[in-house]
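Here come two complexes built around chain A, the first alongside chain B, the second alongside chain C.
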Partner chain A sequence: MRNVAVVGAGVFPFGRHHDLLYVEMGRPAVNEAIEDAGIDRKEIQSCYIGTTGGVGVGHEILYETGIIGIPISRVENACVSGSNAFRLAWMDVALGLSDISLVIGIEKMKDSSMADVAGGMGRLKLEMKAIAKNPSVANFGLMGPPGYFALAAHRHMAEFGTTKEELASVTVKSRQNAHNNPKAEYQNIMTVDDVLNDKMINPPLTRSQCCPKTDGAAAIIIMSEELAKKYTDTPVWVKGSGLTSSIITDLLSNLSAMPNVKSSRTAYDMAKLEPNDFFKNGFAEVHDCFSISEILHYEDFGWCKKGEGPKMINDGITQIDGDFPVNPSGGLLSCGHPLGATGVRQIAEVLYQMRKDKEVAKRQVPDENLNVALTHTMGQPMLGFTSCVNIFSRDL
Partner chain B sequence: MERQPLFIGDKLNASKCNDCGNVRFPWMDYCYKCQSTNISEYLVGPKGKLMSYTISYSKPYVGKIKPPYAYAVARFPTDNGHIDVFGAIDSQEPFDDIKINGSVKLIPDKLLVKFKMGDD
Partner chain C sequence: MRNVAVVGAGVFPFGRHHDLLYVEMGRPAVNEAIEDAGIDRKEIQSCYIGTTGGVGVGHEILYETGIIGIPISRVENACVSGSNAFRLAWMDVALGLSDISLVIGIEKMKDSSMADVAGGMGRLKLEMKAIAKNPSVANFGLMGPPGYFALAAHRHMAEFGTTKEELASVTVKSRQNAHNNPKAEYQNIMTVDDVLNDKMINPPLTRSQCCPKTDGAAAIIIMSEELAKKYTDTPVWVKGSGLTSSIITDLLSNLSAMPNVKSSRTAYDMAKLEPNDFFKNGFAEVHDCFSISEILHYEDFGWCKKGEGPKMINDGITQIDGDFPVNPSGGLLSCGHPLGATGVRQIAEVLYQMRKDKEVAKRQVPDENLNVALTHTMGQPMLGFTSCVNIFSRDL
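Our next item is the complex of A and B:
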């Protein structure tokens, strides 16, 4: 396999874009990524687009950005769609099928339900008559993602004494970082009390402990080592990737999500890194879909022992100026979570941070933490449960 | 594979792998741990322990439960460990009877796994 580098990125502001078509969010993101990479768009040889709801929009975006006649694949894997699209593009370039690949992540969510955007409602309609008679499926319809994580939160509190204030502190950290991210949906500073007094969604999780449904798009350009050395002095290298399948019941077994454990282990092994190698050396963008999620990820990724996730927050370890900054962008809780766009936006953040771009000057991770980075999304495609971890480095 | 009922009597209709011992609910004719198809019927419950719960204030995607409703994960002993099962809790606002680590008992139903708090 060839070495592959991330060379350009573009992010269309995450937020509320009722009046914009998919293509009107995707086109600027793609153009920004092409300009950032400094390539001629004719050189793009393949495209992977992560989106759950955007049927056909990849073709429209390519057509409207003047990129015609290349292989394009739409990747649907719930909240992992963007990370998954990137992984496939990386495999494509690593195998030598393409020298330059475009990865797009995009979603429109404000004007419809999660079940519509993620395709679940469509599937329920297709299976309606069968589901009514099939008890093995019916029971799962009682819970959406906030419910599953609320169950995990209550269990974490019962088992380890985690407090609701500690959970709320995840959102407080997220907003502190997003305050300096003009492309985040929510940039307001919040206190622990603000978070706890917010509307209750599924106890113990209040609204600001749940990531918003958001409109947004992101794009990145990746290329082979040979070309990357021609186009940039500051490539970001892909060092490892893991993707894992499962079903949703795995989330609560011992408060650990098997797909997260396995995806991170696969990526660590490929990158020849261990969890401790990120402290005073790296940073991460993880899937903080809910406040408790970020705490569970610290534990599942081996950054602390099971039950000690809240201590990482309490001790400021994962703040931007801590030993191991996590979610310097503000993460999903503040940037918002346009399903397919999130995984691609995270990689754009890694590139901006490692290059010390003006874009991230106010939320810049310290120099000593710019050597390695990990991105992570996890998703619940209906009864499925999946996780994707990608690892990057500044030096090859 | 033919569809199996959720309950047999007052117990959950689970399946057990005769090769590795893994217990799975709902019933399935293969083992997701060792891929064996050497599976037997294995009944679970009716008494278990409430591991966690939350409340939903909106109507479910599937089923006819009216919000607000409580749902939960409960743990049931097996002869070589335990299994965790999701389900609704038979309770009403303000849901004061729900206690994590408290005893639960299964309420048999055709389409839904339901628990009630307490030993009886």
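Our next item is the complex of A and C:
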């Protein structure tokens, strides 16, 4: 297996871009990544695109950026689409099929209709038949994500005494970081009271504890070790990758998602790291689709014991100047969550942070935390559940 | 790069299965492939699913076949989805991430609505804006596949004197083979006159010269060389794979599709084979979405000179008892074309043929042609064009 490095990134500002074509968001992101990597676009040998709604847009973006005749594979794995696309590109370069690969994540949420996500109304009708056969997984389908995660929050509060203020603090931290991220959709500072007094969506989750439906695009360039050493003095190495799937059953019953636990374990093992190795050493970008989600991830990834997630927030451990900064970009809660784009944007953040780019100067993670980084997305393709964890390091 | 073998396959009969859930077609195909491979389902370490409409169905199928907690990646690349899923699984095992991988191809065409393919109506509106920007690619979008390929047929007739009888002969050959394929949608013998007198769709293409909209599922099991040698005496080795993308511009202007030419060249080079090496040595399953398509493929893949495709049909070279049998299964024209399923079904056919299974006894390719095989799909994701060629051999 060849070593693979991330060497370039581009992010089109996340926001509401209803009137833009996919290609009008994707083209600038790709051009920015190519310029950042310092390569000639003709050197790109493969492309992987993660998007739930953007059928054929990879072809259009490559055409409009002057990259013709290479393999393009589109991956759809709900909210994990971007991370999954990255994982496949990494496999491609690690295997030696390509020396340089382009990863695109993109989504226009207004166009990502239920008909699209469900595969047409005929599919939806069939799905009801499937739900009737599998009542244990019906909750998610009938409630939608906010209701589902609200139940998880209630359960966490009942079992561990977690307070609504602690949940709100996840958003407060998110906004503190996003305040310094000009590409985040929401950059406004919020207090715990602001968050709690926001519009109620599904108790205890208020609006700012639910990630917004955002449009956006991100692109990264990865390459083989041999080329990376030629092109950059600051490569970011891929050290581990885990992808795990299941169906939606375990989060509510266990307050733990097996795919999250397993994908992180796979990535840890590949990277020869343990959860503790991130404290005073690394940072993370995790899938904070809801405030409660980030707390559950702390626990599932082994960064604290079960039930002690809120303490990570209370003690400031995951603040940008804490022992282990989580979501320095502002995460999904503030950047927004254009499904396919998120996983790629997270990896762009890792590159910017590890290189100490101007791009992140105002939200720079401390030096001692720049050695390793973990990115994570999770998603629910219909009745399914998927999680992807990727781990990076400045050292080979 | 590790050697990878195909060792098991299952095909759910292609046809009109409007009332079945995706999982009700996919589960039997997967169980058949597992039984055929002689493995324990717990040994499967990854899954790749190709489907344009089946969002989340990979998760459902694995759940219902008792395979939990492995990575699943869904690939959508229009008609190439199944072949692309196979290519990714091959990369996975070749790289050593998995020792055994499951590939699923599945589609319910009634549910694969335009809204789905286009990513929602909002996407369609945006697409009109993109088409207005790229008038050179507008033809395909406005005409749809039958009109587009009908124009290609007219051009071939005008340039090379190809006759409508020669075009119809592609369907006649297809039905001759499908007559012995109980899993093909159309198994009826047709004469040239039958084909020409069939309902006219887009002149010169009659209905039986256009592949039908069919539902279906197929699954294959692939594994590493080490395991394959333990599990089977008749492995089918993956020797080459090429995937190439572009946009829809060159087929009408050149009567040649650059992605087809380039993906076959990539696969030939990887397999250390040349086009001539298939005559009296191999067979192929190509993407005969229309009668004219198969003729164009003969020419693009280097099996004859430009304009001489019809001669391959006239001379019986590509009949099942010819020097180089093409589409012994009956191909897309007779099996039907459930988009994501087709590429996987083709590889199942390669395995059955090379093992001389009972399954294909009545359509068995001659012994001397069983050494190498090529599978091919091509597709048009919106304005894009993609082609995938995979090559297999009985010899490592």
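Here is the rule we use: the second predicted complex is superposed on the first by the 365 of 396 C-alpha atoms of A that agree within 3 Å, B and C clash if a C-alpha of one lies under 4 Å from a C-alpha of the other, contacts with A are read in each partner's own complex, and residues count from 1 in each chain.
By our rule, contacts are C-beta pairs under 8 Å (C-beta built on N, C-alpha and C of every residue); 3 or more make two chains touch, one makes a residue touch a chain.
Here the structure is a predicted model, which is why all the values come from computation and not from measurement.
The larger set of touched chain A residues comes from C, when the choice is between chain B and chain C. Look at A:Ala158: by the touch rule set out above, it reaches chain B but stays clear of chain C.
When both complexes are overlaid on chain A, the residue A:Met200 reaches chain B alone and has no touch with chain C. By the document's definition of touching, neither partner reaches A:Pro212: not chain B, not chain C. In the superposition on chain A, A:Gly10 makes contact with neither chain B nor chain C.
When both complexes are overlaid on chain A, the residue A:Ser245 reaches chain C alone and has no touch with chain B.
Within chain A, the residues touching chain B in one complex and chain C in the other are 115, 120-121, 134.
If you check the complex, the residues on chain B that touch chain A are 3-6, 26-27, 51-57, 60-63, 65, 69, 71-73, 84, 86-88, 100-101, 110-113. Residues 115, 120-121, 124, 131, 133-144, 147, 150-152, 154-155, 158, 200-205, 249, 252-253 of chain A are the ones that touch chain B when the two sit in their complex.
Residues 1, 18, 21-23, 47, 52-60, 62-63, 68-78, 84, 87-88, 91-92, 94-97, 108, 110-113, 115-123, 126, 129-130, 134, 242-247, 258-259, 262, 380-386 of chain C are the ones touching chain A in the complex.
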